[in-house]
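Take a look at these structures.
First chain A sits with chain B, and in the next complex the same chain sits with chain C.
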Partner chain A sequence: MPDVWRHAWRLARKDLLIEFRSRTAILSAVVFTVLVLMVFNFGRDPTAVAAIDLAPSILWVTFTFAAMLALNRAFQLELENQALDGLLLAPVSRSSIYLGKLIANLAFVATVEAVGLPLFAVFFNVSILPVLGPLIAVVALATIGFVAVGTLFSAMTARTRFAELLLPVLLLPFMMPPLIWAVLATAALFAGHPLSAVTGWLSFLAAFDIVFVTLAFALFPATVDE
Partner chain B sequence: MRLLKTGRWITIVGLALLAAVYVRALAFTPLERFQGAAQKIYYIHVPSAVCAMLAMGLVGVAGILYLLLKDPRFDRFGEASAEVGVAFSLVMLTTGPLWAKPIWGTWWTWDARLTLTLFLFLLFLGYLLLRGAVTEPGLRARYSAVLGICGLVLLPFIHLSVYLFRTLHPEPIVLKPSAPSLPSEMLVTLLFSFLVFTILYVGLVTQRYAVSLLREQADPHA
Partner chain C sequence: MLLAERLRHAFGAVRALDDVSFTLQSGQTLAVFGPNGAGKTTLLKVLAGLIRPATGRAEIEGGRRAVGWIGHQPQLYAHLTVRENLRFWGSLYDVPDRELAAREGELLGRLGLNEHADRPVRALSRGLIQRVAIARALIHDPRVLLLDEPFTGLDRTAAEDFRRLLAEQGGGTGGRITVLVTHNVEEGTELATDVAFMRAGRFVQLAPRAGRDAAAIADAYRRAVAGA
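Up next, the complex of A and B:
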């Protein structure tokens, strides 16, 4: 087992290093997030709908789209020069490839969210500081759920036609349960409810994460083996 | 081919019996006191919904069996069941609003059960789209098995999340812990319709399975 983690970390490091050196994907994702936030500003009538009523939806739709953009990239990277074949020939287990991709994707999406969250607070005048701890917990738990399923699916869609279109179609139904719980929890936090009001949502999110990380971990070899 | 013919005959018997369901529902089953004639759609709506759920469940089970045994028959069955499931979901999603407009006064509400079934329908479509996007048969079978299993695991979660919201949808009156609470004529019509929809499911899946088999024989690489 320590080998699995070591290999996974190496793989994640490789992906993140490529990302850090080129910075194209991460910058595009950040700019995209800012643009989606701006679109939301013009997509509502400020005299009819207060920003705070719409805030949880704005936050989560933005994060969902940004995560989708990040996930499309994960295995596309390995298609250039048949890098995926090289990766599969390497003496590492399939499970560590999945874990490595999962870690890299989580780091990528977390970076985008770390930029998006303060901008969201500034643009829509939402005071997130008093609820920052629980909010980060909600964001983290929901993101793990999305990305766990998304990493598995992007391994499949990357090698199909219309990969960019197919991934959202397959993934959005799977994002829906964590999204519903995350929006409800976020709304409760912004409304100033006590922490005990959101522990139920947090445990749903955690249950989803545990089930789907385990399932994706077990199913991943079936998507890459020849 | 014998399998195709068998499937065709089962479907023909199913369709003939479906006509009998209509006759029985319209002429020999009493009118519901509050909903009147609108309630008649119940005998089509509920069985097709149950068959759609059954089809989705079997797609997932076929996926598990395929990954364990690598037998292409399970893959063919999964594809057939998903396509027939789409058809049954469409019947359910059209008959539902037709009933809801006079009874609820609206075609659609974001109600728990409606949302759940719409997800079911979209999952089926995603499954078929994925199959269409992969050309290599072995890869296609494994990918669709993975998606089918994930769908099977997702259903309880969607169930859990939609049940947190209020519902307008009538509660189950047959498949519930206590005894069915509808008149025996209505119950008989409903059970008859369940039987007919199951026959239709078997007939359509058998035909679809035979078509996949013929296609593979005609072009082993597609």
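Up next, the complex of A and C:
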């Protein structure tokens, strides 16, 4: 296995082990997801707007803010006891560090999404099974772009005083295009449109991923080097 | 060999390093004393490759792989056990599994950490955590040790223990090159083969310790730094 992947995997495994031990961020994100879905479910007037019209937006708002919790924690973890300096000092490329964080964050957000999606289906009475394959493709492509940019911004903001506030402020404007595409694709799937109706959105999401993952790799060293 | 040649660096208008040069060979320990803000940590970071100097060059034979760092922050993960921390850091230096297990066992034994090996770091006392930090820094058997105020936050007994452990691990018997920076002249003097006094980014004095004790060094420090 090339060095970059080997080191990245070791970093990701370490992050996931720490999260498994502490369970702070994953529990917060899952509880947050459940609460948001409940609030939207019981807060809406079912006679005014159909659940199916609201559901795609609610799904993505929930996933977006739940993911913020994970992204905020990604580099805070490294500031504890100045472990980040240890990582930067180790003979490990900056790309490995970024990739390791990206893998761990993707695993984390995917877990939250795996818990949130069935709950969403139950609360909003949406049948996701017939469109499960394309829906997973939409969720995966949107999540990769979101987490790739979020991991980069998390590294940028981690050493600032108001990291938890700064991250959403910086990240959300970048996320508008993929979130809009993800909401439109999800709405089309729930409305029973054929797969060909969402391939355009999927292509946009894939293009966003390629561009921003590449940019994030290129820019990451500048965010951690003094 | 460790080489620092005409290092200069500034943070905005603040000069952190101003024409710093020195060379160290195996077995030498340089203690750098200076007040807060003298540029000591910047010097270590430049030597370690964490900061690129504005001018000059710093070179360590063996590169980053040859460097071990011990600071007042232990660079450990609180939720991982002592053993997991050592394995993680060793794996980042590509220490082969068998060698890693052997070094881990040796360091745990030598640093009196055997009974704490499977406890999470967050459950350990400050003194024990510093021992783990030493083990972490030595897990890849570095040829160069960089020590940044390593005694900060330790009580007198823990600091004494720590000094003894560093003496065992550092230059002399270990044949390592060690650079220790601290603002307290009482700390680590006896570890040094060479002593430098730093002020406003400059070495105002660099000389062999030549058998001087802490009191003599403190006296020289006061004269050199006050008179610089």
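Criterion: the second predicted complex is superposed on the first by the 223 of 226 C-alpha atoms of A that agree within 3 Å, B and C clash if a C-alpha of one lies under 4 Å from a C-alpha of the other, contacts with A are read in each partner's own complex, and residues count from 1 in each chain.
Just so it is clear, contacts are C-beta pairs under 8 Å (C-beta built on N, C-alpha and C of every residue); 3 or more make two chains touch, one makes a residue touch a chain.
Everything numeric here is computed off the predicted structure, so don't read it as measured data.
Chemist: Report for A:P91: first if it touches chain B alone, second if chain C alone, otherwise both or neither.
Modeler: A:P91: touches chain C, not chain B.
Chemist: Touching A:V211, do we find chain B (first), chain C (second), both, or neither?
Modeler: After superposition on chain A, A:V211 lies in contact with chain B alone.
Chemist: Scan A:A66 for contacts with chain B and chain C and give back first, second, both or neither.
Modeler: Once the two structures are laid over each other on A, A:A66 reaches no partner at all.
Chemist: After superposition on the shared chain, which partner residues are touched by A:V198: those of chain B (first), chain C (second), both, or neither?
Modeler: Touch partners of A:V198: none, neither chain B nor chain C.
Chemist: Spot which of chain B and chain C makes contact with more residues of chain A, would you?
Modeler: The partner that reaches more residues of chain A in the superposed model: B.
Chemist: Which partner does A:P177 reach: the first (chain B), the second (chain C), both, or neither?
Modeler: In the superposition, A:P177 contacts chain B only.
Chemist: Of the two partner chains, chain B (first) and chain C (second), which one does A:V112 touch, if any: first, second, both, or neither?
Modeler: neither
Chemist: A:R10 in the overlay: touching chain B, chain C, both, or neither? Say first, second, both or neither.
Modeler: The answer is second: A:R10 touches chain C but not chain B.
Chemist: Check whether A:Q82 is in contact with chain B, with chain C, with both or with neither, and answer first, second, both or neither.
Modeler: second
Chemist: On the A-aligned overlay, A:V131 touches which partner chain: chain B = first, chain C = second, or both, or neither?
Modeler: Neither partner.
Chemist: Once the two structures are fitted together, what part of chain A is touched by chain B and by chain C alike?
Modeler: 225
Chemist: Which residues of chain A touch chain B in the complex?
Modeler: That would be residues 149, 152-153, 156-157, 159-162, 166, 169-170, 172-174, 176-177, 180-181, 184, 204, 208, 211-212, 215-216, 219, 222-223, 225 of chain A.
Chemist: Given the complex with chain A, which residues does chain C contribute to the contact?
Modeler: 45, 48-52, 63-65, 67, 69, 71, 73-80, 84, 88-89, 91-94, 120, 136
Chemist: In their shared complex, at which residues does chain B touch chain A?
Modeler: 67, 119, 122-123, 125-126, 129-130, 133-134, 139, 142-143, 145-147, 149-150, 153-154, 157-158, 160-161, 164
Chemist: Residues of chain A touching chain C in their complex?
Modeler: By the definition above, chain A touches chain C via 7, 10-11, 14, 17-18, 21-22, 77, 80-83, 85-92, 225-226.
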